[in-house]
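In what follows, subunit A forms one complex with subunit B and a second complex with subunit C.
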Partner chain A sequence: MMRRPPNGAAALPYLLILPTLFFVVVFTLWPLIRVIYDSLFVENQAVQVPQFAGLENFLALFMSSAFRDVLYNTLIYVVITVPASTLFALSLALMLNREFKTRGLFRLAFFYPSMLPMVSAATIFLFMYTPGYGLINVFLSFFGVADQNWLGTPSLALPALMILGIWKQTGFYMIFFLAGLQGLPHDIFESARLDGASTLQSIRYITMPLLMGTTLFVTTIAVVNAFETVDQVYIMTSGGPVNSTSMLLFNMYETLFNYLDIGKASAMSVILIAMLLIFTTINFINTERNATYE
Partner chain B sequence: MNKRRFSLKFRLSTLWLFALGVLALGWTVPILWTLAVSIHSPDEPLSVANLWWGSHPTFSNYSQAFDIAPFAQYYLNTVLITLGILVVQLITICLAGYAFARFKFRGQNILFFLIMLQMMVPSSALIVPNYATIHALGVFDTLFAVMLPSFGSAFGTFLMRQTFKQIPRELDDAAKMDGANWLQTLWNVYIPPARPALIAFALSSISFHWNDFLWPLIVTNSPASRPLTVGLAVLTQLGEIGAQWPLVTAGTLIVVGPLLVIFLIFQRQFIDSFLHSGLK
Partner chain C sequence: MKKFQTVLFACLMIVMLFTACQPAPTPTAAPSAPAASAPSTATELTFYYPVAVAGPITQIIDGYIAKFEQANPDIKVKAVLSGGYGDTLTKIQTTIKGGGTPPDVAVLLSTDLYSLVDSNAIMPMDDAIKAAGGDTLTSDFYPAYLANSNYQGHIWSLPFQRSIPVLFYNKDMFKTAGLDPAKPPTTYQEMVDDAKKLTKADGSTWGLEISSDGIPYWLFQSFVIGSGSNVFSASNKVTFDSPVVAQSLQDFMDLSGKDKVMPTGILLWANMPNDFANGKAAMIWHSSGSLTNILKQAKFDVGVSYTVGEKGFGAPTGGGNMYILKGISPEHQAAAFKFVQFMTSPDIQADWSIHTGYVASRKSAYDTQAMKDNITKVPQAGVAPAGLQYAGPELATHNNAQIQKFLGDAVQAALTGKSAPADALKNAQQQADQVLSQFKE
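Showing the complex of A and B:
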């Protein structure tokens, strides 16, 4: 029996999505259009009325060696911390997926940093890296390494931030791998073992391909996280020493609030969004190519 | 032969457990050291020879941190911001998820795509225009300014759409047959089985907004609207306090302590919920 929908029923789905759509339009779509538009204008303290400038902001950024440092720092940070924390998280998950008594404690030890706000974790590591009595220097002195001013040395500051990033995020990614591992069919491993496959072979040829979905998910979050690195830069180094830890988002923040340059800050937003889209797409294609689906 | 294989395997797994133990200890040391130094007397200088809680441990750092920074206010702000966002999000994602899961309407695909754009463009990349919007709306330096951009959630909408789609349509029809309107149907038929997904969404929303820093940093300017993260940053960046580690570590623990304690108590449920929400 077909009934005509009562009056107003046709409008119902639109009313249901209206609140979400409203906030997405106001705080994502409109700003997205606006940031692209603004990036084409010169607007700063010297030029109060926006003037159309085409790609001048982008050209100026790419010509500036300071901004090239920023791009380089961001890319290096992404390219090193994403694979490092993903691989590390996967290894931990493989080890902690076995049954043993203290497993819960181990999971806790690796997971708790992801419960801390990055601002607090950065404050703790600011302390860990203190020259003289900072625990990292004290620990390294047992191996005869001389005292280092980690955050005050250009060649060491970025690696120091990377270590914090890996410490903070690995446990979070580990949880997703653990979830993925629990979803794997048990009998495949059993028959592989009966066929004489070693543990490493099982991991390489069975576990890894089946975990591609999880890996894609984890690396995507990791890439976004790494590109958005800003809290620890603000707390620990303010981009220094000599620009060695300045990354895109921090640089955008500085450009907007310290230099009041809306045109350049908008151009940086566009670059950040473009790089994220490129990286997540490459990551997606790459993972799809290696994936095996049941 | 058999025996040798057994002992080799035993040695390997002991070695493996030992290595893992050392690593886990290394992972835990930062928070343990923070805890120890937070009760280190401020009159005793820290040094390689005096690294932990010192000779007269004291809680005075905590009271001093509370004197310098209005942590109670910051806590209240963070709780209000996090819960305010969550409540609005739960409503908006359930409504939109229901519409996309169970209705056919013109423009459905394009509207869905527009909303999903939010997942592809990180909000931190849009702080420049959003900061201008907050000023234009006249809500700068309010809790509302911190919350507004997060009221709609593409991730939540997507999650609820997937969850609601798995619920048999017959249940929906039966409820309608019994004279239930759409709101009663949504509430009685769709929400109860979606609880695990809603809890998982709530956890990820809470942990994201509890920890968020850059956005509240730029749209707040006074203790009345600052969340904990920004409050802690203000405390550590005060020049004269900078190197007083017992005070700074106490401040850090005031910020992370309650959350860590709650996590320790509920860690089983918490990790399980994350495990189950994982990818599904």
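Showing the complex of A and C:
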């Protein structure tokens, strides 16, 4: 016979999640529905009362070369910074997982950039990238590299932002990898060493598969962070020069708050959400397939 | 006991839920603790203002408000610092779109006029101005500044903190290069010739630096206005692809290309005063409002002159005006205009100009003793107001931010060699036409 649960306890789970559910609905679900709804209307400075337009906003965006440039810039940024920062983070974590005296100091040094607000970091880097007396140009001149106008040259501006992004986020991901590494059992590595495996082999065949869960998490966070890049653009380049650093979230901000084009901005939001959803789903499926769990 | 725990938990959750739901205080909400001495019938105005120049702006504004409240005991003004011009406009427009209460008075760009009228955000000042003196009042404002306030036969704003771009030049370097420091260039060609003499072969000094990041259209307009033309002809018509504009863009490009008196690529506005003070640039184009900052940094004799085009001096105006927002009660409207009148009065304008570097928007401000003393002390401060005779209207159209961006992108594309100037301008013209076609004049 099934034991009847005590009175009131059946409602307990729902009551417990109610506050969180409330916030998720108000700040995530409702805006999502609203933005999808708004993207189907034309509403801008010339059309103050929303007019239904179906998929016209999306069509207009994909046909505009400016928006295609925005997508291209954003994808380049993601495709380069995510693997780079993940790899750096993993290498740093592997190196800093060993025992040595000043280990704590190094961990702090690498983690420190991620504690800075991005706006502060961007303002500092704005002056570091100055032609002539900016620190980066001075440093490079020791290696004989000519003075560069980093933020004023279309081909260099986006790399400049990418360097800042990687510098800032690597420490953050390193912490996750460190935590993952410290959760790994020691006996497997010992037996591998007894069998004659080199360090690299043990990293490749033991550490990596066991870290798949952490790697999945880090890459997902890294991709979402990369898509959300806006602070550096706002502070350092405003999307220039010649739209070479115009990225999706910044363009959305401009479209909504500077041009008051609610329809187009909503359409861009939907595109961003769709891209992130697709990526996260593929990432999960892929990594789950390859993951080995304890 | 289990049941009690459950109920307790439930109550806790509900209480947490409701405390978390407290609405955040909005800047337009009435103060929770009314001032003990204020009469209950005092009209309280909310005033949004941006900060666009360096200096203790908040203190200065609070000082003006204290003076105003003393003279008008039945009006209280709550000043809210609202970021930059863009932030202020965004705050106001999103408040209106969301159905909230906008502030009563705000300082916004003079070129925001059409966007504000389109979103039905502001009210005309004609009646209030007529009651306050009509033409005797408006004729005291510099025409170049008041020009941005007219639309559909109404006056919508009064100039408050205005500027023009000016040419700063290093008088010491002029002397060393054999140029007369009392004779800055008066045309584009003279500026190029002077810059060539000032540019050092080893690259340590450039003759001229003109920035092109951020809002490139503003400095670019100097070239066009100095050639006797402008980049737009109506609130819904731009002239980006006209021959004069194309030639102006070519002139801008030649500075770093053909004549090599300027570094290549996009130069940053924020770096210009530093480059000038460091001797890296002998001449720069920058806002008249940067004078105080430059004088503080420069250890040499600083000369101020006007920006030029092919025909002679030319510059767009810049800066912000006072607007009164729509939808406020008649008592608030009257009080708001009193405040606007106070802030644009000659004495306040003179004081504001001395402390910030903005050009006072009224001619009579330059007749005040305070201003005369300041110009004796800092003669460079007298140059900008005299240059208003060469000023032309700043680019102002419907959906202004986007139109300005199209022109700015074209300028940047040409300067970086990404496209030929004619193509870039034609592209900008097409994009602008598409956007502006939806608006009536």
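Please note the rule applied: the second predicted complex is superposed on the first by the 275 of 294 C-alpha atoms of A that agree within 3 Å, B and C clash if a C-alpha of one lies under 4 Å from a C-alpha of the other, contacts with A are read in each partner's own complex, and residues count from 1 in each chain.
The rule we apply is simple: a residue touches a chain if its C-beta (ideal position, glycine included) is under 8 Å from a C-beta of that chain, and two chains touch if they have at least 3 such contacts.
All values derive from a computational prediction rather than experimental measurement.
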For this session: Would you sort A:Gln45 into first (subunit B), second (subunit C), both or neither based on which partner it touches?
Result: second
Problem set entry | Partner chain(s) touched by A:Phe217 [first = subunit B, second = subunit C, both, neither] | first
Problem set entry | Comparing the two partners subunit B and subunit C, which touches a greater set of residues in subunit A | B
For this session: Have a look at where A:Gly180 lands relative to subunit B and subunit C in the superposition and call it first, second, both or neither.
Result: first
Exercise. Is A:Pro154 touching the first partner subunit B, the second partner subunit C, both, or neither of them?
Worked result: second
Exercise. Counting only touches as set out at the top, which of subunit B and subunit C does A:Leu55 meet: first, second, both, neither?
Worked result: neither
Exercise. Which partner does A:Val35 contact after superposing on A: first (subunit B), second (subunit C), both, neither?
Worked result: first
Exercise. Touching A:Pro113 in the superposition: subunit B (first), subunit C (second), both, neither?
Worked result: first
For this session: For A:Gly240, decide between first (touching subunit B), second (touching subunit C), both and neither.
Result: second
For this session: Identify the partner contact of A:Met252: answer first if only subunit B is touched, second if only subunit C is, both if each is, neither if none is.
Result: first
For this session: Would you please give the residues of subunit A that touch subunit B in one complex and also touch subunit C in the other complex?
Result: 12, 16, 19, 22-23, 126, 130, 132-133, 257
Exercise. For subunit A, which residues are in contact with subunit B within the complex?
Worked result: 10, 12-14, 16-17, 19-32, 34-35, 38, 95, 100, 104-113, 115-120, 123-128, 130, 132-133, 135, 138, 167, 171, 175-176, 178-180, 182-183, 213-214, 217, 224, 227-228, 230-231, 234-235, 249, 252-253, 256-257, 262, 265-266, 269, 272-273, 276-277, 280
Seminar exercise, completed: Given the complex, residues on subunit C that touch subunit A span 2-3, 6-7, 9-10, 13, 16-17, 20, 86, 90, 93-94, 97, 115, 118-120, 212-214, 263-268, 270-271, 274-275, 278, 280, 398-399, 401-402, 405, 408-409, 412-413, 416, 418, 435, 438-439
Exercise. Taking the complex as given, what residues does subunit A use to touch subunit C?
Worked result: 6-9, 11-12, 15-16, 18-19, 22-23, 44-48, 126, 130-133, 149, 151-154, 237-238, 240-243, 254, 257-260
For this session: Spell out the residues on subunit B that touch subunit A in their complex, using ranges where they run on.
Result: 16-17, 20, 24-25, 27-31, 33-34, 37, 46-48, 51, 91-93, 95-96, 98-100, 103, 105, 108, 111, 114-115, 117-118, 120-133, 148-149, 151-154, 157, 182, 207, 210-211, 213-214, 217-218, 228-230, 232-233, 236-237, 245, 248-249, 251-252, 255-256, 259-260, 263-264, 267-268, 271, 274-276, 278-279
